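Per-chain numbering from 1; labels A, B, C, D, E and F assigned in written order.
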Amino acid sequence: MINLNWQNVIDSNGITITLIGMLIVFSGLLLISTFIIILPHALAVFDRVVAGRQPQPVSAKVTSNDPTEQEIMAAISLVVHMELERCGGDFQRITMKRRAPTGTFWNSTGTTRSLSNRSPHA
Amino acid sequence: MINLNWQNVIDSNGITITLIGMLIVFSGLLLISTFIIILPHALAVFDRVVAGRQPQPVSAKVTSNDPTEQEIMAAISLVVHMELERCGGDFQRITMKRRAPTGTFWNSTGTTRSLSNRSPHA
Amino acid sequence: MINLNWQNVIDSNGITITLIGMLIVFSGLLLISTFIIILPHALAVFDRVVAGRQPQPVSAKVTSNDPTEQEIMAAISLVVHMELERCGGDFQRITMKRRAPTGTFWNSTGTTRSLSNRSPHA
Amino acid sequence: METLHQFIAGTGFMALTWGNAIMIVIGIVFITLAIVKDYEPLLLVPIGFGILVGNIPPVAGMAISVYDEGSVLSYIYFGVSEGIFPPLIFLGIGAMTDFSAMLSNPKLVLLGAAAQVGIFLTLIGALALGFDPQEAGAIGIIGGADGPTAIFLSAKLAPHLLGSIAIAAYSYMALVPVIQPPIMKLLTTRKERLIRMTAPRTVTKRERIIFPIGAFLICGMIAPGSMVLIGMLLFGNILKESLVTDRLANTARNAMIDIVTILLGISVGASTSADHFLTPQSILIFALGAISFCIATAGGILFAKFMNLFLKDKINPLVGAAGVSAVPDAARVVHTVGQKEDPTNFLLMHAMAPNVAGVIGSAIGAGILWTVLVK
Amino acid sequence: METLHQFIAGTGFMALTWGNAIMIVIGIVFITLAIVKDYEPLLLVPIGFGILVGNIPPVAGMAISVYDEGSVLSYIYFGVSEGIFPPLIFLGIGAMTDFSAMLSNPKLVLLGAAAQVGIFLTLIGALALGFDPQEAGAIGIIGGADGPTAIFLSAKLAPHLLGSIAIAAYSYMALVPVIQPPIMKLLTTRKERLIRMTAPRTVTKRERIIFPIGAFLICGMIAPGSMVLIGMLLFGNILKESLVTDRLANTARNAMIDIVTILLGISVGASTSADHFLTPQSILIFALGAISFCIATAGGILFAKFMNLFLKDKINPLVGAAGVSAVPDAARVVHTVGQKEDPTNFLLMHAMAPNVAGVIGSAIGAGILWTVLVK
Amino acid sequence: METLHQFIAGTGFMALTWGNAIMIVIGIVFITLAIVKDYEPLLLVPIGFGILVGNIPPVAGMAISVYDEGSVLSYIYFGVSEGIFPPLIFLGIGAMTDFSAMLSNPKLVLLGAAAQVGIFLTLIGALALGFDPQEAGAIGIIGGADGPTAIFLSAKLAPHLLGSIAIAAYSYMALVPVIQPPIMKLLTTRKERLIRMTAPRTVTKRERIIFPIGAFLICGMIAPGSMVLIGMLLFGNILKESLVTDRLANTARNAMIDIVTILLGISVGASTSADHFLTPQSILIFALGAISFCIATAGGILFAKFMNLFLKDKINPLVGAAGVSAVPDAARVVHTVGQKEDPTNFLLMHAMAPNVAGVIGSAIGAGILWTVLVK
């Protein structure tokens, strides 16, 4: 039969490891949880401080006054996103701050080809 | 001139290696050939055993009674397949048992993003 | 304060390395520059030699007489190219000498599947 | 004649042991389950085929198996035995994971901590069964319900058990839809299973970008041993969420994770040659693994019920079961079980929060065990 | 002054040997053939450019070439010299190969065995020319008409000949459309070339899934030395055919095989520095390679004619020539030669069966040679 | 109790130094700049996150950091410290670079040579500040304005400075739009900035295919030390231009370069632990790096003005500033500055010629320094 050897548990600090281990796992996720709770408030404070220094960002308010439009945007982008996913999931996501494919170092060098194609030297 | 040294062939068991080698290559592919021949019959037996235990799968018969439809399906899927291949060959194949992109572990985690997008929290 | 130690520059051949280094960098790019300048002329000579051996390539002349058509072609291919790029940049370029996807070793083996699909054995 | 003899000695027919035959059948079962039942096919097909490869009897003098120095499989297995592949897989997972559910449900994060009790109680069980501390730690991590984490910690603490632990972890992860529902029903009342949870709050893009940095610093400080795994997970996530490194995130969650998954699967499978795998230890490991999954599930559920004693907005305790990790299967099981009681109750989004928190939780757990038990 | 001297000694102009110049011309010829004639460009362009890289004269004291310890190219070449790249290429090939043609034409499989006679007769020839057994085995495998298999076996048996053998194998594979047709016409009558074969039977999805498992067990048992190559080939195939691991198959046959092909091509090319490559041995290897391709082609054709003595449904003996591997060029050559006699006779599908069987056949052959000849 | 003590000693809170805290802030600044200002995000996000990873305080006895033998990060860092990643990145860059602009503007190529004066004058400066020759060479290459080249040469000449040099190089490359415009305005008159250049001539497909072969042979002969970098760059380019190896070029410029960029970025970042990075040397290196960028920019502009003394078709001297490499940011800066004077003057295409020539120029420079200074 299977023989349970509790002495080995004690000798190996099994109980201590368990207690400390669970303590730390909880501490870690509790800290993350707290961080997540604080984060939006901290960002709001940050925004207020920044806004205090700068002229009122009117346009920003207008957008946030109209959640329906946002949701429509979200719905459209979701559909587009899923369509792209369906085609193999290898597409870039459509980003808010959409940078032309030329935006990054690598892409740009690639695109200089297109640029040169545009001239009559192809 | 090039000097053929048959003693080296004999000393190195060249003839034996050749005979045994060809024997094994043939045995291997003969076994595979036999396996391929037996396989559909074995599957048929397996199906009959399984079918004996379960109620008659009527619908299955209906489908197999209509090969034209199958061929049309095959033709369509071929065209789709080739279209996809044409676009760079990087697409997933359209599978019979098409699992939603969420089906697998990796894909699903990716798609949880879409799910959260669907909620108004974007 | 920062202490400039010119003796270290001299001991380490700093001046020599700089002079020789710049000399070689310039030589290298000068040779490349010369190569680029000569290349089209060399190709023209090569073409004349080859053409001298073969019957007049009439069609080639006709095409080069009509640059507008070429430019239209170039414009179209640019648009197609950019459209493809837009979809993630993962597409194959449309090549002049367009080889069927079967053209290469790897692609072909992949395509034998399509071939077998075409038969009614799918 | 000598050549013929040398050859016949070299075929597998002579050398095939019963153990090999059993393992080959197990490999075929894995592949069959993956294809027919769709259980974690991306891992069970490679591992299953790897089991076949690892159980063709070896030929003396040829370097073929993962344990033979200089063999091709040994080079591939290097990524497993040195723990290189798991962080790379975490990188890809990070680049496809959306932490929004967690960001909008911070209190549910604790459920992902509670479920890790499976790790530590299994450790105690393994010690009681006579395993040495390093082995017990590696076995305990099966309760983390996270394949890459299990492989990483086994590679560091008990490389000789790596095959058994990896296969136990992936087997039970595949079996989550079978293991969890009975426990969930046993530990909850119908009334609890009907609890509807309030819609979570909006998460902004900025929060999603800042989260991986903050979470990494917290985890790295509190359990540096978890740094490599969690670092890669959250690095992948910031590649995704920053929106300016899309092409890197894309490659990380496609080509890169696929290549690593193929190489990890086939070589982990190939490491299970019968003489290494069919041992009494393996049977104990599988038994402990099953228990640890049950404890983890129970831990999450019971902690949710405990939290409900203090909360006004009650948590549906089913959601606690998702804390075991096994993303996203555990969350889906929660959703399915919940819908059996009330088809209009959508628990999936809520269950994703403890589910991804469970991944972080088990990586922290692994980090602690590595720190405390490393020799 | 010393620095200037040191530099001038470091330029290549001084050190360029006639051998290097010849090799550079060969490299340019390879690239030109690949681009202009479209001969195996995916391999000849990388190898050709690698030849250029390998024949820029080295500078004493700098680690640049594939043979210098610690150089970048030596790390890339490691995947060649340890035989790691060929199985990974086979993985990708498996993930793109459709074995349906073979499954529906089981008797044609034997033609893929007959063509391997080229391997063993070349071995005898190499022994007669004074090569030692390991070298002779590695040279013989050129007759297998399969690049990755040739590199794998050379790496195991005769690493010092690897460059010559790899380049001979790929050169002749590129030249299959030139080498095979005369032999095919010589050994067949017009009447034979006109034979039409019956349409093959239907292959089900289940058969395509079960085949790689069964075929792997057979090959692994009968020739364990072929396990790594055939294992990876059929592993890739089950990733493709199982339909549940599509994303892995996709990466294996795209990003993964491309990366490995690039690294293999450039480093094999770079290993052909004139002092390693321009040897009398290389000339013998190229001569033996040409002969072995001819023998293999003849072997397949003659065996088809032999089988016809016993068969009611006659085989078009041209199809036998596809048994040499060189997928899919050999099958296309068969189709083209057949259509010259009768434009309505479609032999391609029939030729694919011995063609893929030939890949398995030469991998078995390589496994046998490795087992028997390994030191 | 001992276990608790062992654990607390293992957390990072105790061991966090001021240096670590400063580095963590720097890492966060990098990530913020990349996301908010869009400065080279593909490199600054990975490096920035890597800096976080590298500055979580280590635990004694655990192999975690890039400097601990056997750690996961050390295996990834191997590709940096042995100089393997930079050539692979050059392969991908070659597969996306179009040399047409350079082929149609051969005289502008010389501007790409002139800008390399930044490398050598910085070398002199570093020597004067007391660095030894190897260190000075590695620092000088920052003036090449090319990240992979800087990492490659540092790995070969001064591995202990690699982190500082890499981060200085990438920082200043990201800051090119800030650093260059003032210098450009200072050194040119408004009249010069208004110069319009004639449209470049047509480049044929054949020229684009032959160019990488010829250019490689020239560079390889004249500076064999540059062979690996330039060889890979031009190998990638022929894969692209040959049109018959499209699938390889595609993988090289997507999956392959992305994977290498991720691994390079995170491990270079992780190598900057405070004790290795926060040294007086690093401050000198950053100062020298800033100077070298300015010298390089000035060198290109002044040489363009010098060439104008002899040319009939004048060069717009702004174009000279693009000779520093930093593709394509430097060319864009030229274009932007030019358009500020005359919105109808399109300099981008003209600026691309010295820009890509600058990449070759700095690789030649690195090759020379490696040859002359290697121990």
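As a working rule, a residue touches a chain if its C-beta (ideal position, glycine included) is under 8 Å from a C-beta of that chain, and two chains touch if they have at least 3 such contacts.
Predicted model only: the values in this text are computed from it and were never measured.
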Check your understanding: For subunit A, which other chain has the most distant CA centre?
Key -> E
Check your understanding: Of all chains present, which has the mean Cα position farthest from that of subunit D?
Key -> C
Review point. How many angstrom between the C-alpha centroids of subunit C and subunit B?
Key: 39
Revision key, fill the gap. Between subunit C and subunit F, the Cα-mean centres are separated in Å by 23
Check your understanding: Could you state the distance in Å from the CA-based centre of subunit B to that of subunit D?
Key -> 28
Check your understanding: Residues of subunit D touching 2+ other chains?
Key -> 3, 7, 38, 41-42, 222-223, 243-244, 247, 250, 254-255, 261, 368, 372
Exercise for review: Name the residues of subunit A that each touch 2 or more other chains.
Suggested key: 13, 17, 20, 24, 88-90, 92, 99, 104, 106-107, 110, 120, 122
Study note, to complete from the structure: In their shared complex, subunit B is touched by residues of subunit E numbered 102-103, 106-107, 109-110, 112-114, 116-117, 119-121, 123-124, 127-130, 132-133, 136, 204-207, 210-211, 214-215, 218-219, 222-223, 243-244, 246-247, 250, 254, 357, 360-361, 364-365, 368-369, 372-373
**Study point:** subunit D - residues contacting subunit E, complex
**Key:** 3, 6-7, 10-13, 16, 24, 28, 31, 34-35, 38, 41-42, 45-46, 49, 52-53, 56-59, 61-62, 64, 70-73, 75-76, 254-255, 258-259, 261-262, 266
Revision key, fill the gap. Seen from subunit C, its contact residues with subunit F in the complex are 2-6, 8-9, 12-15, 17-18, 20-22, 24-37, 39-40, 43, 89-90, 92-93, 95-97, 99, 103-104, 106-107
Review point. Can you name the residues of subunit D that touch subunit F in the complex?
Key: 82-84, 87, 91, 209, 213, 216-217, 220-225, 227-228, 231, 234-235, 238-239, 242-245, 247-248, 250-252, 254-256, 368, 370-372, 374
